[in-house]
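You will see two complexes here that share chain A, one where it goes with chain B and one where it goes with chain C.
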Partner chain A sequence: MTGKQKKQFWNALQVILILTAAFIMLIPIIWIFLAAFKTHVDVYQLKVFFTPTIENFGTVFESPYHLGDKLYNSTVVAGVTVLFAIPIATCAAYSFSRFSLTGEMTMLVMILATQFVPAVVIILPFFVMFRDIGLLDTRLGLILINLAIVMPFAIWMIKGFIDGIPIETEEAAMVDGSTRIQVILNIVLPMAAPGLFTAGIFCFILAWNEFLFALILTNKDAVTLPIGLALFKAEEGDLWNLLSAAGIIIMAPMFVLALIIRKHFVQGMTMGAVR
Partner chain B sequence: MAEIKLEKLTKRWGDFIGVDNQTIHIHDKEFFVLLGPSGCGKTTTMRMIAGLEEPTDGEIWIGDRMVNDELPKDRDVAMVFQNYGLYPHMTVYDNIAYPLKVRKTPPQEIETRVAKAAEQVELTEFLDRKPKAMSGGQRQRVALARAIVRTPLVFLMDEPLSNLDAKLRVTMRAELKHLSHELKITTVYVTHDQIEAMTLADRIAVMNHGVVQQLGTPDEIYNNPENIFVASFIGSPAMNLIQGSLLDGWFVTTGGTKLTRVGGGDKERVVLGVRAEDFIITDAGQGDIDVPVYATENTGESVLLTIQFGKQRVSAKGDRHLDKKIDDIVGLKVKPEHLYLFDPVTEKRIRPGQ
Partner chain C sequence: MRDKSLKYVLVLPAVFVVFATAIWPLVESLRLSFTVGRLNRPNFPQEYLGFENYAWAFLEEPAFWNSVQVTAIYTLVTVVLTTVLALGLALLLSPGGRLRSTVQTLLILPFAMSPALIGVSFRFMFNPEFGLFDAFFSFVFPPLAHISWLSDPTLAFAVVVMADVWGWIPFLTLVLIGGLASVPRDTIEAAQVDGASGWRVFKDVTLPQLMPVLAVVIILKTIFSLKTFDQIYMLTNGGPGTATQTLSHYIYFSGLKYGQIGYSASVAWLMVIPMIFLTYLYAKHMFRKG
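Right after this comes the complex of A and B.
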């Protein structure tokens, strides 16, 4: 083989290996994707060729499953969480980034440390507290929980982006005649916008996929999509075709969002993470 | 139009003293340069004038207002930063217009003023671009235009040329000089580049360790340095500082060579300062002393000889046609009117008659 052929061979081998690895990792998702379009009977056969049906996607929205309600809950909970998380996190991140606060490092570490506590440890206290103040099975309750979950990530991530803005740019704006608020609105926010956007989507994904708290703290009115999946257990066994259809509905927005942020995602993660 | 008065200005961070109790008066319409090595307090001084740094002690006056407690935006100054501090998400036009917009200038006036400022720095054709799409020199012009678009009381420039390449720096230096002549606004300019300082300044304050070492016109600073620091900081190559003693009015090197008569009296330890261009290089035997050449450097406009002078080396500037080789013996004469004597302990100048 000549050098060029050798290079081509290795390149081809690399592609094959990557595709194989990707295929193995994607098997469950491919299975779900196929199952979502199968009938209940077909599901248990590992058929790759079958007559596809989109009936499942209709059924999951009908009685008794009412997936629409769960979709609504998930959207509201994740959406409102992001709506509150990003502005609050931006304020916190700006302060951490630009002012020297007493106990700055301690605060930053403590914010992150909240993530080290396993959710199962604190879930029962939450259950009791929520029951006492009437937040059990409410979207508001879930929003508060999700805010607590996403805020540390959001603060660290956005701080990374703000740290990346040269301080001279802000100082120039101040000398040019801006107040601190004008500096933030006119200079910092537009410059950090891609970062805020990425952080927002990241938080949305976290909140959207949140399972454990939603499982314990909701039972009827505020049930979210991941919990809704448990509905598809029936006397005749697990309704895999419906479960898969619901799974696709949960995953689809995540795929779209992942595509949107993939460019900023790695940067956002590392910028926030290293500091 | 305003003068700036810094009264007993001090900046401390914990134990570290950035600026130590300095009183400086900058005249109206003056081009005033703060010169010194990095960490000498020059930038801190400027940032305190801008309001970006709070003084630990002392007063800052711009015109007839004491501005210590005023925010940067209220001080009516414009500043050019070392790395430009442009707004990357705005076009050049919006960058230049920002100081006017934020001060609620009528749109019509913004347009004419931006056009004028852009013209002054030759940016008219780039107004639609984003800073990212411009070269370093062009970005620096945008920063300049943003500063001159308003008519502030004071211009502050923090090493504005140091991020540019050498050639561009020389061009921009001339443009700056022209611009300041045109605008006639009090300017404070921070630099560590003595050539920038010499060429631009009406007056220079040479700073070190947070203290002004000498304040004067470029001419005074160059020809009449107060102490060893100023003498060695200004001039390229640096002034030769020769250790020795004073014996009956003659300067004698530590090696025992009697060099030249510098005045009267005796002193055990003195430092003689001679600039490279104040040596006269002659053939061997025709100077005050004969010395071997350690190295020669031809810079094009002149030839720089490094000379082994006892245990020290000194540099001497010669005519560009000077043809000497390493280890040649040359004669050296000094111009007696351009000699500086310093006290090695206090590092202060010893003037004749003292």
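Right after this comes the complex of A and C.
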């Protein structure tokens, strides 16, 4: 082979590898997507070509599945968790970003470290406490404990965004007689708004996909979507067409949100360790 | 309010939340681990046992050692496979261009999927009668058809590993692409001009420069592998038998299914110790750069 042929061969090989990788990445998603539009019979006959039906998306909302209740619970739990987390995290992130605090490094490392504590360790005492004070199977209980998951990410992400805002505008406003609170409300918040929005979406995805806490703390009233997946079992086995329809309802909104903030997804997960 | 006091007032709510949702449960778990802590008995909390729960785990429970072994192998295999494959994919995708950036965008999708749902989708694909894998093998290699993947201990373990690797490659790839972008192009070009082969350039120039990012990726993936619960619960529920029972799953079962909160808290704390070490490594890497 000449040098040019060799290069062409390499390029073709790379394209084939990339397409194969993309295919492997998408196949479980495509498989669920197809099954969600199949009838019960078509799922069991492994058809690739079939007459699509949207019946499954209706069935999952009906009795005995009532997926609508779980959808409501997931939305409220994830939404309220974010509404609590973002303002609290923003205050802390501003302080960490602009001032030097006694024990700042210790606090930041501690906040980072809490993310690595296995969820099963956190849930044991909370289960006992929630049982004693009657917070088992409530949305409130779930919201409180979801804060454990999202807070560290929210603080680190928002701190990153505020670090990126030049401090000069703030200083100029202070010289002109603004108070610190006015500076935060009138200058920092509008400039950090896109960052807060991004952090909010990121935390919403985390809370939405949360599984272990909801599995242990809920059983009827406060069941969220991922736990709701366990509903689609019958005596004869899993009802895959319904499971898949429920799967689409869980993942499709998250795909949209993740694509909106995709540029910040990686930074968010690594909490600034990788830029 | 003066900045001097305001700066502490601002961090107070966040510190309180982190304390209440992470530090308190850690300490309380440690306390529970020294008690009998059976859920079905009244007057919880119960009498103190000292280190009896720990001794029980170490000496009397083969199931504990089984879950330690499963977790160790699982972590080792998933970390190595995910890192190597993600590095390969990152090298393939990093040059840019339309095809490559489209695939990069698609990589976000598996990562936005709930791990529980990943477990469900793999259980679906590996169904022995109508799963996708079965269809694939009946077509290309019939002897492998109609195998009930999830009933065989070794195969079930392999499926659990596959699901994990599938779910984590996209994220690790995206992080590594970011890392590759910060490797200066001129050093690579200089090496190429000097006539170094592609492999030599990678080994002597790219890889050393990528080391800090690679270290972060490996530590992070190790932590997440050690914690794995959601997919396993949905995919095999630890089975067949206890072939895929990780530590998290074992703690969940002994604590909340069998109601032995005290005992499972002691196992949970045995799991926290390596986490503290890994977190220390992670924080060290992180702050060395800044």
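Criterion: the second predicted complex is superposed on the first by the 246 of 275 C-alpha atoms of A that agree within 3 Å, B and C clash if a C-alpha of one lies under 4 Å from a C-alpha of the other, contacts with A are read in each partner's own complex, and residues count from 1 in each chain.
We adopt the following convention: a residue touches a chain if its C-beta (ideal position, glycine included) is under 8 Å from a C-beta of that chain, and two chains touch if they have at least 3 such contacts.
Here the structure is a predicted model, which means the values were calculated and not measured.
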Practice task
Sticking to the clash and touch definitions up top, decide whether chain B and chain C on chain A clash or fit.
Solution key: fit
Exercise for the section: Have a look at where A:112 lands relative to chain B and chain C in the superposition and call it first, second, both or neither. Expected result: second
Handout entry: chain B versus chain C as contact partner of A:76, first or second or both or neither
Key = neither
Practice task
Using the superposition on chain A described above, determine whether A:178 touches chain B (first), chain C (second), both, or neither.
Solution key: first
Exercise for the section: Using the superposition on chain A described above, determine whether A:92 touches chain B (first), chain C (second), both, or neither. Expected result: second
Practice task
May I ask you to decide whether A:25 touches chain B, chain C, both, or neither, giving the answer as first, second, both or neither?
Solution key: second
Problem - Vertex chain A angle, Cα centres of chain C and chain B, expressed to the nearest 10 degrees - result: 100
Exercise for the section: See if chain A has more residues touched by chain B or by chain C, and give me that chain. Expected result: C
Exercise for the section: Report for A:122: first if it touches chain B alone, second if chain C alone, otherwise both or neither. Expected result: second
Exercise for the section: Have a look at where A:187 lands relative to chain B and chain C in the superposition and call it first, second, both or neither. Expected result: first
Fill in the blank from the handout: Shortest distance over all C-alpha pairs of chain B and chain C after overlay on A, integer Å, is 9
Exercise for the section: Over in the complex, which chain C residues touch chain A? Could you list them? Expected result: 1, 3, 6-8, 10-11, 13-15, 17-18, 21-26, 28-29, 32, 39, 44, 89, 92-93, 99-100, 103, 105-118, 120-125, 129-130, 132, 135, 166, 169-171, 174-175, 178-179, 182, 213, 216-217, 220, 223, 226-227, 229-230, 233-234, 247-248, 251-252, 255-256, 261, 264-265, 268-269, 271-272, 275-276, 278-279, 282-283, 285-287
Fill in the blank from the handout: Within the complex, chain C is touched by chain A residues 14-15, 17-18, 21-22, 24-29, 31-32, 35, 43-46, 88-89, 91-92, 94-96, 98-99, 101, 105, 107, 109-114, 116-128, 132, 144-145, 147-148, 151-152, 155, 180-181, 205, 208-209, 211-212, 215-216, 225-227, 229, 238, 240, 243-244, 247, 250-251, 254-255, 257-259, 262, 265-266, 269-275
Problem - Residues of chain B defined as touching chain A within the complex - result: 50-52, 71-73, 75, 77-79, 81-89, 98-99, 102-103, 143, 146, 156
Problem - Contact footprint of chain B on chain A as seen in their complex - result: 166, 168-169, 171-179, 182, 186-187, 190-191
